[in-house]
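Multiple structures follow.
Here come two complexes built around chain A, the first alongside chain B, the second alongside chain C.
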Partner chain A sequence: MSALAHRPLGGRILTKPVFILGFFVLLGAYFIARRFIFGLGDVSHMSNGYPLGVWVAIDVVVGTAFGCGGYAMALLIYIFNRNTYHPLMRPALLGGVFGYTLAGLAVMIDLGRYWNAFNLLMPWYAQLNSVIFEVALCVMAYTTVLWIEFWPVFLERMPPAFKQRFNLEKFQAFLKRYMFVFIGLGVLLPTMHQSSLGSVLLVMGSKLSPLWYTAWLPLLFLISALTMGYSVVLLESTLVSRAFRLPSESALLTPLSRIVAGLLALFLLIRFGALLAGGHLNLVFAGDRLSSLFLIETALFLAPLFILASPGGRGSQRWRFLAAVSLLAGGSLYRINAYLMAVDPGNGWVYFPSAPELMITVGVVCLEIMLYLFFIKTLPILHGSANQSHGRLL
Partner chain B sequence: MEQVEDHAIEVGTVQDLDGYQGALGGLTRREFLSYCTGVAATLGLSSMMGLRIAAAATAPARPPVIWLSAQECTGCTESLLRAYHPTLETLILDMISLDYHEALCAGAGHQAEAYRAQSMKANWGKYILVVDGSIPTKDGGIYCMVAGRPILETVREAAEGAAVIIGIGSCASWGGIPSSDPNPTGAQSVHAVLPGKTVVNIPGCPPNPYNFLSTVLYLLTFGKPPELDSKNRPRFAYGRLIHENCERRPHFDAGRFALEFGDFGHRQGFCLYKIGCKGPETYANCPAIGFGDVGEGNWPVGIGHPCFGCTEEGVGFTKPLHALSRVKTYAPPTAFPAVDATKGEGVTPAAVAIIAGAAGLAVGAGAMALRGMDGKDESAAGSSHDSER
Partner chain C sequence: MSIDLSRRNFLRGAAAGAVTAVAAPVAEATPFGPREPKQLPPKAVGMLYDSTLCVGCKACVSACKQANGMPVEQPAHLAAWGEGTWDMAEDISGHTLNVIRVYQNGTMEQKDREKDGYAFVKRHCLHCVDPSCISVCPVSAMRKDPETGIVSHNPDACIGCRYCVYGCPFNVPQYQFDETFGQIAKCQFCNHLQKQGKLPACCDVCPTGASLFGLVTDLQAEAERRLAAKPGEMYTFARGKLGGDRPSHEAPLGEYQPHLYGEKESGGTQVRYLTGVPHEKLGLPALPDHSFAAVSEGMQHTLYKGMIAPLALLGGLVFLARRGVKSHHDEDPSS
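So, the complex of A and B:
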């Protein structure tokens, strides 16, 4: 697909939603500052029993799944050669860039001794048996790869004089020539760390409820990351085309929905198969808190499966949108459950995120949406209509 | 060499060493090797070692070591004999020339004393002096006489020509068991009788052989003693409390104590603090390196006996065995919370409000977005509806 079709949307940047989002970003920044001045305990309810709090469970585990749009689309477009989907690639990539970069930011807030984080990159300190180490390295590498994949967007927007002055045309040619390497890495790395996010839970062993614990966790996390990635693309495409009055990408989204349905069916099959094989199916109807969470989660997965399995559901924008929302909610709940709600470290530990802790997460999410709006208005990301001028500040 | 005369080493008592060596010199090569192999067999070494002894015995000069024994029990030497990396024979055959050691030297009586004097004279200012045992000072030091002289004099004399002085064992380091009340011999540590001299102390009863060997190998390699603490103990070995690296430490922190020998806690391997373990006030690396080269856990606390603080002056041989130690880090509370008490922090109204708000916002935004979707044909989407903003 030609890159020429991509154009900045233009339009006002400091709109009302941006001011509202900005307020929450500032509030989040205030609590982040408190965290760095007064320490983790000042803003967070994390403890020795629950060292992984809401920043990991939501900002990293759910956030990177939302950021898997780029991964899922790259897999489809470049590995399975479905080039027709190419117009969806750049916005999905942008979602990935933000999802992963801000997950990295959340980790830096979350790390007690963040100033030691550079040691992760020192090969002589590498602990090769650690799942978290693999996740950390992979996420760092993938974030870098995402920005490299995203570079052509900046380069297209730069004035030619500027590019000439800094010899960027050569760089552009280099990127164009070797992009396949980064695209390859961009598919490999998320496959590694998204499944490792499941392996992290394998280490938790009996701390995790048997409703979630299974040896298949890595595969389940990988598949759910893919379904969530495609759902983000469905959702984002629908919202953006409506909000900015762009031509609908329905012709692409309908067949894409079919893939989501297939993956979702596979996910549920493994999920329930593992429960059956492990003999824990009775816990589903135990009637306690965990079984309720499991049932809500399963309902949120089953609804999109039924919607997207039928041609009518796939073809309708409304139903497709609902299915994507439901799937994202289900996938998020699955991850939050597995990382927080269904985890009981024993010995009387309890955890519920504190208000400042949540405000930091809200701030990070708002920052993500704000930057997304800013980028699509100023950079050639979407297939825009030609009648809009470039971005204005007001 | 004038110094020798100054310090009046009794060179006169040196016997006709040339004559003695001549006696050995009369041996044929075969007889000499056969003799060395015999020595190796006596030491319980393989016959191959005989050749190494022969090679070592004829090697060019290795740093000479004079080992003096005062009021001691030979425990330090026994401990050294049980070292395997390196073994003591590696040390004394390859690394140093152990010119005098009452328990280990081949010669005896006047011959040994003469050889010591000879070696000190030849290596004045260059030899390593090792002392084990405390030095009696009462009544002119008559309570420990070696070769007809008070050991006090011998030590002072040898210290003058020593490049380095090492006090091995608690007796040499701070007085040890002979200095315990009522201290009938006026026993003192080596550094106490050598004012103005630096004595590297390797306390312990006995000390771990590797602390001594490592110190000596450090000396041989770098030509200076390793970093020392305020009591002149090498920091690598005595820099931390036993308590800090003790494998039973988690029991201390959790309040699980053995209360008497053989009780439930003792059999479970709980902390021995309450039956008098001195680990919390004793500096040594016992838990980290263990004893006897048989793996981890082989040290007093590891096998269920409280540490009695042998390395620490004022603790070992001084405090009653079952008295509570003075914890240098922090003492345990008298009462511990129940293991299943609520820990961490739970729900706050503000957090719930934020989650509810976010969820409401998401549902609301979703509903708003849905409002305009006709669900059938959205080819004209965005043209016939107001946008949200």
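So, the complex of A and C:
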């Protein structure tokens, strides 16, 4: 048996799931075209009461958290020096590349004056007090860093003649030599902007329910990004190893689950501690819409906490998988609630996304999955032996 | 996971115990303090809106549209009624910078009475002393004039991210969702007219002086005078501009709520509201005395002071990453 290494999975590109995903991508593209021709109001239900909709709340705020797999794993592997997790790094990184790149795409669809977007980079327009300014620059920089971190994968696949012609061997050596700088940046930048996604909401004040509004929002958003990042890795490696019959990464995922449980416990302690300190604990059991949302969130966090804190739970692939799904659902709900559902602008404003608006979000997510499948089939991303059977499910 | 009742009680108890253990440190260790509050600019101009003087004629709405080149607006459900001739904007929008709204209760017998009464209120930008829209804007499209304190908007800088709409405690900035190339619309206190020595259009046309222009400090004193005087007493009301040359008029003083809205809300504004009906009923939200912009900036300034913390963190991370990469190279040649 040959040694384990990063290998392209191979197999057919245009499979049935890809055609189904492609259909939703095209549908999304149609509505995106309408948005640019007829304006935001034509496809979305956003209003001046709820000026941010699902494109920001789901595609950007939740989407980048799903893309935090690369961040969370880089922190573990390179900063805490746990090299055993190395086989999980590339797939996690790829998730980050698409999570962030497509969040950027969603922002360009969402911006009301997208043709001015380059003003973000013009020093004379810079507004250093703006949290959004920091988030925008950090996300742009991090997306670049992610692609740079991912470059070696492309380089490995290029034919030697091509590499020679463009002197890419030298570039490859350069990347390898200074990759630690990009890894450092690749941990700093998400730490900054994921916490800042929480700071953004500090300005909302009384528009945001006290069940979500706390001075600890930045830390809560940072921890939720990390736990969601690790969950994506748990989920991804389970799905991929089953679908493509790769060796299970159980030996790695079990100890990783312990870390997730610890972070989750910290998250809940800060959250409830802040509620108690602020005297808002009574709102938890108020029985209204917001308290229900809060309780659903908490249940979705507690379930994975109990599963992953017990040795039996985190040792089982099935329970681990369920815990990751529950945590991702809880984390997503937390973010959507904080940005949309727990926000009350007053004066009777309501918001529910329109079908075209949702189809754009669905299209972006489908594009992400499609590209992910294409990349793992054609590039050396997953760990496996040379004589593995080819993918059959996807 | 199924959670039965006793288990839930147990969980609740356990959670409460754990929460009590961390609550004290969390409460004490507030992660940051708010930024210093901002001060009213020395020559700040503003408006005193006296709801008891307003007769709801909407001359201000019409004048505002004319002065700012805004079209007539008709909600779909009223379109057949006005036949395109009358402006019937129900609230401020991407095409309406100010609007008169009406409060109605019960039989609506008496003006400026909360029960069985009605009242008018004007909606437009309050030109905050410490504006959230300026704090959130990533490209400095919102600016506060250092002299007059007018909060203006520059569409050439604006990227349309709409965080000013999201963050404004009064829901004032409005994006034009119905336009292909929409922009943010907000009251800029007719600063183009003020530069020509004219009054803001709404104050200029107001027949009763319900919208009164002036220096904020003067308007504050005038509002306090009205609050201190006896309700029902005859009072001389200025028109157009406080201390201007327009003829004033005499009328009995309204029965005001004791709260002068706009003085302290959200760190203070340059508009003052005197109302006969509690301000919450008129869509003027109850807000704390500090601006949430100061809270948000306090956090940013603590974390990013001189970029020292991020740079130190980056240094540490790069150092650790270098060590990590080195020790990994023997095992795996790829990054």
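Everything that follows uses one rule, which is that the second predicted complex is superposed on the first by the 383 of 394 C-alpha atoms of A that agree within 3 Å, B and C clash if a C-alpha of one lies under 4 Å from a C-alpha of the other, contacts with A are read in each partner's own complex, and residues count from 1 in each chain.
By definition in this document, contacts are C-beta pairs under 8 Å (C-beta built on N, C-alpha and C of every residue); 3 or more make two chains touch, one makes a residue touch a chain.
No experiment lies behind these values; they were computed from the predicted model shown.
Engineer: When the two structures are superposed on chain A, do chain B and chain C clash or fit side by side?
Structural biologist: By the criteria stated at the top, chain C and chain B clash after superposition.
Engineer: Given the touch rule stated above, what does A:126 touch, chain B (first), chain C (second), both, or neither?
Structural biologist: second
Engineer: If you stack the two complexes on chain A, which partner ends up touching A:17: first (chain B), second (chain C), both, or neither?
Structural biologist: first
Engineer: Going by the touch definition up top, name the partner, chain B or chain C, that contacts more of chain A.
Structural biologist: Partner with more touched residues of chain A: C.
Engineer: Which partner does A:350 contact after superposing on A: first (chain B), second (chain C), both, neither?
Structural biologist: In the superposed model, A:350 contacts chain B only, not chain C.
Engineer: Touch test for A:245: chain B only (first), chain C only (second), both, or neither?
Structural biologist: The answer is first: A:245 touches chain B but not chain C.
Engineer: For A:306, decide between first (touching chain B), second (touching chain C), both and neither.
Structural biologist: A:306 sits against chain C, while chain B stays out of touch.
Engineer: So, A:192: does it touch chain B (first), chain C (second), both, or neither?
Structural biologist: second
Engineer: Quick one: classify A:47 as touching chain B (first), chain C (second), both or neither.
Structural biologist: Once the two structures are laid over each other on A, A:47 reaches both partners.
Engineer: Does chain B (first) or chain C (second) touch A:359, or do both, or does neither?
Structural biologist: The first partner, chain B, only.
Engineer: Of the listed segments of chain B (111-119, 291-299 or 345-353), which one clashes with chain C in the superposed model?
Structural biologist: 291-299
Engineer: Considering each complex separately, which residues of chain A are in contact with chain B in the first and with chain C in the second?
Structural biologist: In chain A, positions 47-49, 347, 349 sit in both the chain B and chain C interfaces.
Engineer: Flag every residue of chain B that touches chain A in the complex, lowest number first.
Structural biologist: Answer in residue numbers: 338-348, 350-351, 353-355, 358, 366, 369-370, 372-376, 378-379, 381-383, 385, 387-389.
Engineer: Contact residues on chain A for chain C in the complex?
Structural biologist: Result: residues 6, 36-41, 44, 46-49, 51-52, 74, 77-79, 81, 83, 86, 90, 110-114, 116-117, 119-120, 122, 125-127, 129-134, 136, 149, 152-153, 156, 175-176, 179-181, 183-185, 187-188, 191-192, 195, 199-200, 202-207, 215-216, 218-219, 268-270, 272-277, 281, 299, 302-303, 306, 345-347, 349 of chain A touch chain C.
Engineer: Write out the stretch or stretches of chain A touching chain B in their complex.
Structural biologist: Going by the criterion above, the answer is residues 15-17, 45, 47-50, 238-239, 241-246, 248, 250, 316-319, 321-322, 325, 347-355, 357-359, 362.
Engineer: Enumerate the contact residues on chain C facing chain A in the complex.
Structural biologist: Going by the criterion above, the answer is residues 1, 3, 11, 15, 18-20, 22-27, 30-32, 91, 93-94, 132, 134-141, 155-163, 165-167, 169, 171, 173-184, 283, 285-288, 292-293, 295-297, 299-300, 303-304, 310, 313-314, 317-325, 327-328, 331-332, 334-335.
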